[in-house]
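The block underneath contains the structure these notes are about, expressed in structure tokens.
Which chain is which? They are A, B and C, in the order written, and residues in each are numbered from 1.
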């Protein structure tokens, strides 16, 4: 029972309460009283009450089956939260499992399996578990399950993709019945958001074989065929009141974008992920179909290694950053489904985004000046790109075009998707990487910009930046923290080894009768959470 | 059964009169003209096309045909006519060289195997079976990993992938011929292996092998697109026609020229090549020898 | 022992050597390709620690020859091990999909082979006429259209526009004959466009070559009826190359239909194999390769035997 506008204005809890009241027959007056009680100004509460009534009139309906296709699937498909690797895995995990917390539209952590979480020093955190939650096999959720689900990531034998994140945890223990205490090595104010990410899904303690998909999530696993499809059915004992709406979801991974769109338009699918910007016009032109767009922190970055030529030359790096015609690339490469970025990784929707940073624009004269100082002449400079780094091939072509005008000789090398991450990314002197949305500023900065980070693809090392990063993590004063993140964005923008031309929106397409999709900007398909929220309109 | 029929001599059918250039007949001449036209485009296109025509975002994405941009625009708003003309050199030249190479090498080995027989035949045949059984994706990937990317490498890879197929067809044709009386006679006459291969057997398998070459050419043209996707050979912005079809597939639903034009270019070229190989005087060559 | 039987036995023996050779080559290639299964699985999230742990779990820390021998030993005893990336037995993964691939290949072959032979024979008989030109050039045009274009066009027309057929084919949904037919129409259609041309043109070329030969001329003069002329006199000498063309096309149907499997979401082994290559899942790739290779060797052996049986000179030679 949720509406994005209402939730944005009131937050999940309050909007739910208001809608509940309306459903029980509350009048507009009652709603206004409730809002006033929550400290809302009168003008705003009238607007909200009207909106709430409108939303209540379009209440979700129950039942039906949704057929969904994501973009990737293979026999590597897995139900082990520690090993999820692609859209299909993420979507499946959100259907079967819950985390302690969940994301809202602004990626702030909301209560999920933990109904309360707090900390005095951002180092010792307590999570009060929700009562009466059961796993799909009937067992009740206990603190031990949470301890197991979090601590297993620290064991190298688990092969967790979240090992780096989990290593900031010192210990997890059941501090009281229905309560878990997480102790960190260092303070981290963003822990609750981190625990809302896919790997930290809660599974029954001691689970070794994940193929039955036992979790607390809104759906139970009915069929799981690797590389082909999975079918889940509604969990009738789901703890979140009234959810989910649909009875069954069938999820398949289809690698071919054209095939996904065609199957949607032919009525064989209801929701498809990862729409190419070039298909938007087609879907929107077809009666009965719609495009679901989310602006997100996803970006592709051109990394110029600082420890080898030509990236070690600061003038070259600046010249490259000045050669991106960002607005034009957003228009002709992403067809407007992107926003211009500023060579730093924090998305404008993030609360720590630093708006005061001047936007870097295409400037051929300045670029020429720096390029001439770099003394590279017309030496061919290979730029490594691959279809796995979103739009990197196309963006390189655009870059090449401006580079030609100042006499810089860029050579595009398109590499196959397989082997790219292990052998080209972060290894080539100049090459593209790709970063999926991270839940908070600290995560993306730690993972991709800290000097020691494995994924620091430009090999950019700045001790001052590292200090700031650690300091910001434990800073509890919000405005001081904001200033620190602003400094870090400035440093990356000015001195960093990466060019970040755009933030790319995620695009999905769906049958227009399918309702309930709203923004959760950690990835496509509503941050992969669609299954819990969608419903069929009559 | 026909086993007792004497070796072939001049046949009535092959005495058909031929017209057109080099005796290719009208369809063959037409095919040759089309190939020559595409070759001309392949050589000259780079000097015709202004640098700006390839600019991203110069036109709206998948723009329809218009004055000055006769084939509209591709998926990045680049002039499609320029893309097709520039693509000719990668498709025509690469595919011709690779297909002829594959056919020549395959036929050469097949002749050797058929005429020699015995262990050489066994080694060659089983070697080719092994080669064809290596997944072509794996083969292409290892070529990239080992030798980097270049157009000569692309030609080599495409040729190697199609050698075993050509070999198998050619050998099947050649063993039939090698068993014929006149070859047996020539053999007992003490003719050299080379003589048998080139003068006795080759002319008699030339006609069907040319047909095979025509098809192999088509396959190579289509293979180029998937190889360049693996990072082998042609690198963007350059693109062969198959790649042009693939990258503009998003225009198919509205019948966009961006996907139709390169597909038509492929069709005209492959058709022309096959018209020529159909018309080539393989049969007459045999007659001349006997 | 008849020479033919000896040849077959000899070829089967050699096939084992071919298989062994292929497995060594494929193993070596996968070993030197950039990236191993552990790196491909972890991708961007790889850390030295998790990589090392995963390599140990996958057995990638063992020396190369040992891994090969281990896999080979397993294969010989009928258990080619477990897939590295999914930890499921390779036999199970392949077993789930091989029947689908065989079914698709069989259905396509049953339609495409007779069609190609018929059209090729017609073209050869009427060589030089309008039918010949039409068939010959039509085949070339058809085969020059990229496979993904044909498949996508078929979906656009038959599913999106007309709504007659499902755009996706899950083989598990085949419970009724009409359901199966609906699922198979488009994949089979696409594959026919790909394979008919080669078989047809080779049939025409080989047959026309014989029909122009003097012995046919002589038989014709003797008054042999046209049908008998083609089938009894000319065909035996042409059948060898035709059978080989059919064998090559059929082997393609077995393992090369990756585009059809991708676009129609058809659960066959080609995608399993291509994914296996991408993910450097060596036991899976090698076992798939062995199956394709064995299928191919069997098909070409049959083609060669047909060629020999049809040609008395070959039958009695050597």
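Just so it is clear, a residue touches a chain if its C-beta (ideal position, glycine included) is under 8 Å from a C-beta of that chain, and two chains touch if they have at least 3 such contacts.
Not measured: the values here are computed from a predicted model.
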B-C or A-C - the one linked by more C-beta pairs in contact: B-C
Chain whose Cα centroid lies nearest the overall Cα centroid: C
Chain A-chain B separation of Cα centroids, rounded to whole Å: 48
Euclidean distance of C-alpha centroids - chain A vs chain C, Å: 42
Inter-centroid spacing, chain C versus chain B (mean Cα positions, whole Å): 21
Multi-chain contact residues (two or more partners), chain B: 141, 145, 249, 252-253
Sites on chain A at which at least two other chains make contact: 258, 418-419
Multi-partner residues of chain C (at least 2 other chains): 33-34, 152, 156, 160, 277
Chain C partner contacts - residues on chain B that touch it in the complex: 1-3, 5-6, 8-14, 16, 27, 117, 122, 126, 129-130, 132-135, 137-139, 141-142, 145-146, 165, 168-169, 172-173, 175-176, 179-180, 207-208, 211-212, 214-215, 218, 221-222, 225, 242, 245-246, 249, 252-253, 259, 263, 266-267, 270-271, 274-275, 278, 283
Residues of chain C defined as touching chain B within the complex: 14, 17-18, 21-22, 25-26, 29-30, 32-34, 128, 133, 136-137, 140-141, 143-149, 152-153, 156, 160, 197-198, 201-202, 204-206, 208-209, 211-219, 233, 236-237, 240-241, 243-245, 247-248, 255, 273-274, 277, 285, 289, 292-293, 296-297, 300, 303-304, 307, 311-314, 317-318
Footprint of chain C on chain A - complex, ascending: 74-78, 83, 85, 156-157, 159-164, 225-229, 252, 254-256, 258-259, 262-263, 265-269, 417-419, 421-423, 425, 433-434, 454-455
Residues on chain B engaged by chain A in the complex (per definition of touch): 51, 54-57, 61-62, 75-77, 141, 144-145, 149, 228-231, 235-237, 249-254
Partner chain B, residues of chain A touching it in the complex: 258, 276, 278-279, 282, 328-329, 331-333, 335, 386-387, 393-394, 396-398, 400-401, 404, 411-416, 418-419
